[in-house]
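Shared between the two complexes below is chain A, which has chain B as its partner in the first and chain C in the second.
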Partner chain A sequence: MKSAKVVGVLIPIFIASTIYYINNKKPATHLVEFTAPFVFGRFTVPQNNPLTQESVLLGRRLFYDPLLSSNNQVSCATCHKQPLAFTDGLKTSVGVSGKPLAFNSMSLVNLMWGPKHFFWNGRSPSLEDQAIQPIEHLDEMSRNIEDLLVDLNNDDTYRDLFKRAFGEVSAQGIAKALANFQRMLISSNSRYDQYIRGELTLSSIEEQGRKLFMAHPDTKVILRGGNCIDCHSQFLTGGFSTMFDGFSNNGLDDDQALQAGLFTLTNNEAHRGLFKAPTLRNIAVTAPYMHDGRFTTLEDVLAHYNGGIKRSKTLSPLIIEADNIPKTQKNHISLNLNDDEIIAIIAFLHTLTDKEFLTNPAFSNPFTEENNNG
Partner chain B sequence: MVKYNKLTMILIILSVAIVAIVAVDGYRPLPKDLILRFHPYVGNQPLVLHHQSYKNPGGSGDFSITDFQLFISNITVKYSTSSISELNSYHLIRFDGGTSFDQILIPKIKIKDIETLSLGIGVDPKANGTIMFTGDLDPNSRMAWNWQVGYKFLLLEGKLTIEDKQIPLVYHIGFDESYAVLNFDITDEKISNDGVINFKIDLLRLFQKTSITGKSLAKTPLKQKINYIDMSEISQVKFAPDDVKKIAYGFHHFINIVNIVNIVN
Partner chain C sequence: MCKLLLIALAIILFTGCNEPIKTPQTQTITKTAVNTEQTSTKNSAVNIEETQALVLLSGLPTLGTTDSIAIIEMDPESANFGKILYDYPLPKLDAPMHHLYYSPNGRLYATGLGSQCSLAEISLVRNAMAEPIINKFDCLNTNGQNVGEDIMWHSVNGELYMFVTFMGGSDLTQLDTGTVGVFNPQTNEVIKIIEARKSQVAQGQPYIMFPHGISAYGDRMVVTSSTHPAIASEVGNTVTIIDLNTFEPIETIVIEDANPVGFPSSPVEVLFVRPSIVEGVEPAILVNTLFGFETWKIPYNEQTKIFSTPEKLYDGATAGTAVPLEFYGNEDELFISHGVPGIVKRYDLKQLPNLVSSGEDIKAESGAHHMIFYKSAAGRKLIAVQNNLLNLGDVKDNDPTDIDFIAKLNHHSLTVHDLVTGERLGEINFKEKYQKGIDNIEALFGSGFTHHH
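Let's look at the complex of A and B:
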């Protein structure tokens, strides 16, 4: 009798602990192996979101799935298309509401490096946060997260992918998976990368453009420069990563038209009109340009720096001062580059196109792949 | 007479030895964090970025500063018979972090009996010629010119206003020749109880003339007159060697140890 009582107590305990163990068992995951150029420098991955193969696989599927939008027609890839270096070719993006959004779609590349403030105005502190914001934004994807979780739980494939990556379907898992897929979007095989690795020499015009890109002009020593390096780092070609060094007012608007920019995040008047300096990798395929897509071509962009700068209270002194001829017209700000130099800089910018990145199957739409496989 | 056996004697000797060791160890100063705290000033006024104006020290008009950063490197502390040199000792000091100062922490060293402290302003020629990511050195940072030129040792940007005219101020000072090593005599009184040595960085001293001509605004403790450069005459310095030299001359004079009570935070 006694032993039957003991067994009667032990069995429920055993069953309960088994259920608890199964429910709380961490999935066996595998870290991603990847390479990146030494010159990109240090990077960090959040401790609570290890870069696992399982999360990247899930993130890629979520990225391309219109299930993430309220009308099931808009996915992340709608505004971030691989052939356009994960931009959309529009002045400003359009989501489920059909209204043009406030900003031009930013290229998604080499996101583990550079400023740790995402979006043009730096409003997001992490890739995980950046990934989840558009899903809930009324004009972008307008998806109720709770409803989305129900739909994902009802999908066998997603349930399995989430189980392998995180154990269960969750909003946090969506953000982590999308962030990790985007971390894997590494572009490092452009002609410029190959030049840095010593695998090729640039043409004479590209080399002239590279030198201009890398130089702040100084008429005292007859050094001509395009002044690009003052905002775009030499290897990553994006904004600087320390504090807010990666943000700048590049003279797009005067004081009357000056937009909030980084002020949105910091509430500091000195940051009004400062926007994130974007990566220039694949810049030849990411038109139109600037945070509001106001410039259609790279020629337009160079024309802006060569005479189109507007003064405002937060305009960078580096832009006001940069000039390839001794200052004569004090109120007119221009780099005063000649036509050949403009052509050279644009030729160099084209060396930043990484065709392998733009066509890498690992970054492509998995649904297309599944359909093709039958 | 009490007779001790051998075992008792050994135990007594051992006990005395242990007590002695513990006592000596207790008197040995424990390692502490040494903090080098840098307070930026313009003459006698604390530097406030963006919002505060200061008189052009060598001419007319007022100036304001939007960005100020510099590299402090190769920190070494010396005792009477030994020294400690920090590894990977490249620190970017900047003043836009929400406090009125920036600081470097050297963890767990003996902070008593330090006789001298030395540090470099800028980046030594060996490190300046590489693209290694060491300490705060980052070839993708704002302080990097490009791999052929090296680093800006000091970055100072702002504007000078003379009546209704605004002149951009851009001082990007680099080049191997500009690297300066400063040595400071240290006494225990110069280190606060919490292990802090306070340094004053006086931006005006970057505009100190090497000659005796020019307008004089301030006096050293020795009542020696300092002549200053007119910022409107040298409003931007980047690659012109003579101008770089003029500003880098100030590297030898613009940092001093100060007593904590003289610092207003």
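Let's look at the complex of A and C:
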């Protein structure tokens, strides 16, 4: 009799604990495998968000899904289109509100390397944090996260994908999945990458541009330079990992018009007008340029550095100092490159285009793929 | 092999008359257990790779180990100090790989002491854990050149080339077939093999014997003729100047004075001191002589393109050192390694091409050879010295470790020193710890100085 009572108690406990275990067990995930160029440097992945195949798969679907916006018409991919190296071709992006946003859409590429400060003004400390901000922003996607979680839970496909990646649907899971999909946007097969690996030789004009790109001009030894590398030393990856390295005032505005930039994050006046020096990978397909998209072409950009610099209190000293002719006019700042040199630098910038990356099916819209498969 | 016997004899002859210098000993590391969780945490916090180095390791056949390229932790303050973090087995070759070099574009190359693979490119990538790994080791076509030694990348009239010295040249059985290979630095294709056999050029014409050291400035290149890699009796005593406009030898200069051990001087490594190293310097070539135990200077007039009579700057026979080998440097100092007694001498960079001491010798170990400069994770400036001449032995030598027939120059170790004080902070003995010999060391991100070991 006593035994039967004990068994009667134990059986429900066993059943309950089994159900609890099944519902809460950590999903079996699989780490993504890849190799990347050594020259990109070391990268880091947050320990609480391992780069799993399941999270990347989920992140890709979320990235392309307009369900993430309040009007079901705007997805991350609306402002980050793969053929444009995940930019949108607009001066500044436009979200659900229809109002032009404050910033030009940033290219998404090689984001695992370096960045500790995302967005043009560095306001986000991680890819996970960065992923959620546009969803909630009233002008961008304006989606209430709680409502979004309900919708995702009501979708069998998402419920399954979340279960496989994280165990359940959650806001944290959305952020982690979007972050990991973006981490996998690795580009390493541009003509320049192939040149670095010794697989091809640059044309003479590209090679001239490469040398100019890499050189800080020095009139004392007649070394001509484009001064590009001074701010864009991480031009192949997503940026710098050290404090605020990679933020610079590149002379777009004078003191009166100087925009906040990094000051937004730090409240440090020395950071007013400093914006992130972006990756230059795929730069030929990411027009228009600068944080506010003010320059339409690469020729416009080069013209800016070749005479259009505006002096301000936080202007980069590397820009002030760089000149290919001995300084004669104190207030005039210019690289003083000649036309051929400008053409060469632009030719070199075109070698940074990775066509394989721009068409890689692994980064494309999965809904299109599903529709095509019937 | 015979060359080594010769070196051994020379060293024995020389060192037999000298008391070995006692150096403070640091306990050889024995700790091997690693807390991987801790490592993983550190990896994500800082770039720990700045204290890591690539090493070429030779397997010792009688100890059952094989050749490899390894990545090793070099921070003496790290729990992982001396640990092999990654090991890439090399194919079975007829001789060890000898030197590692990064090209200006960051491509990794190695020279090899044999005929099967005298020059190789090594592909370094990162895996999904962000760890550096080697995914390819390609032996390059050298048009049959043997025994690769030094590599230098140098621009001539706006065109970059990769130059490689081949001590064995095109035919190891001949006395004078050493060559300098000129390669396309992008494709690795041979552009030209520079050869000037003493037996074939007219009397008084420039020749190249066994090119080892290499350095260049403008349109002038210098290579040394040190020792024949296979024929013991053949030892050189010259350097040869090459006109880089034509890739033709134009002058052979004898570098020799006293012969402290009875052999020709055997010029080994050279450094063309030039304005890119020391601003405003009057260019000159510095030459170390393996068996002369000396360091020489050859002044160069850039305007007339004339090299003056060599001057002896340092005499090891009187100073108690032998086998001067490498020139390395940083922003402030030039360092020269001396295999016997195993020290690194340091000189004021700004005083070059003259050798003005900038501090006490760094007391390494016998066979002091290659070196790297780096900072510990805590920011301490360090120098690591590889103490080993060559690992060329084999079973036929009837030695239990295969390589100790030149024991006085093969300590099999790396010693790490405070760069400012010279204090020894750690030692890794590869033979004791890994049953391997060490051939070369290169910082994982390169040495940061124009050297041509």
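Please note the rule applied: the second predicted complex is superposed on the first by the 368 of 374 C-alpha atoms of A that agree within 3 Å, B and C clash if a C-alpha of one lies under 4 Å from a C-alpha of the other, contacts with A are read in each partner's own complex, and residues count from 1 in each chain.
What we mean here is this: a residue touches a chain if its C-beta (ideal position, glycine included) is under 8 Å from a C-beta of that chain, and two chains touch if they have at least 3 such contacts.
Keep in mind that what you see is a predicted model, and the values were worked out from it rather than measured.
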item: Side-by-side fit of chain B and chain C on chain A, or clash; value: clash
item: Chain B versus chain C as contact partner of A:245, first or second or both or neither; value: first
item: Partner chain(s) touched by A:216 [first = chain B, second = chain C, both, neither]; value: first
item: If touched residues of chain A are counted for chain B and for chain C, the larger one; value: B
item: First (chain B), second (chain C), both or neither touched by A:138; value: neither
item: First, second, both or neither for A:40, with chain B first and chain C second; value: both
item: Which superposed partner A:31 touches (first chain B, second chain C, both, neither); value: second
item: Which of chain B and chain C A:51 touches, first, second, both or neither; value: second
item: Touched partner set for A:236, first chain B, second chain C, both or neither; value: first
item: Touched partner set for A:318, first chain B, second chain C, both or neither; value: first
item: Partner chain in contact with A:201 - chain B first, chain C second, else both or neither; value: second
item: Selected from 218-226, 398-406 or 416-424: the stretch of chain C that, after superposition, runs into chain B; value: 416-424
item: Chain B and chain C footprints on chain A, overlapping residues; value: 39-42, 241
item: Touching residues on chain A, where the partner in the complex is chain C; value: 31-47, 51, 195-198, 200-201, 241
item: Residue numbers on chain B that touch chain A, as the complex places them; value: 49-51, 66, 92, 94, 96-97, 131, 133, 138-142, 144-148, 157-159, 165, 168-170, 172, 235-236, 238-241, 243
item: Sites on chain C touched by chain A in the complex; value: 40-41, 43-44, 47, 49, 105-107, 121, 123-128, 130, 132-133, 135, 186-188
item: Interface residues, chain A side, partner chain B - complex; value: 39-42, 113-114, 214-216, 218, 220-221, 223, 229, 233-236, 240-245, 269-270, 316-318, 320-321, 330
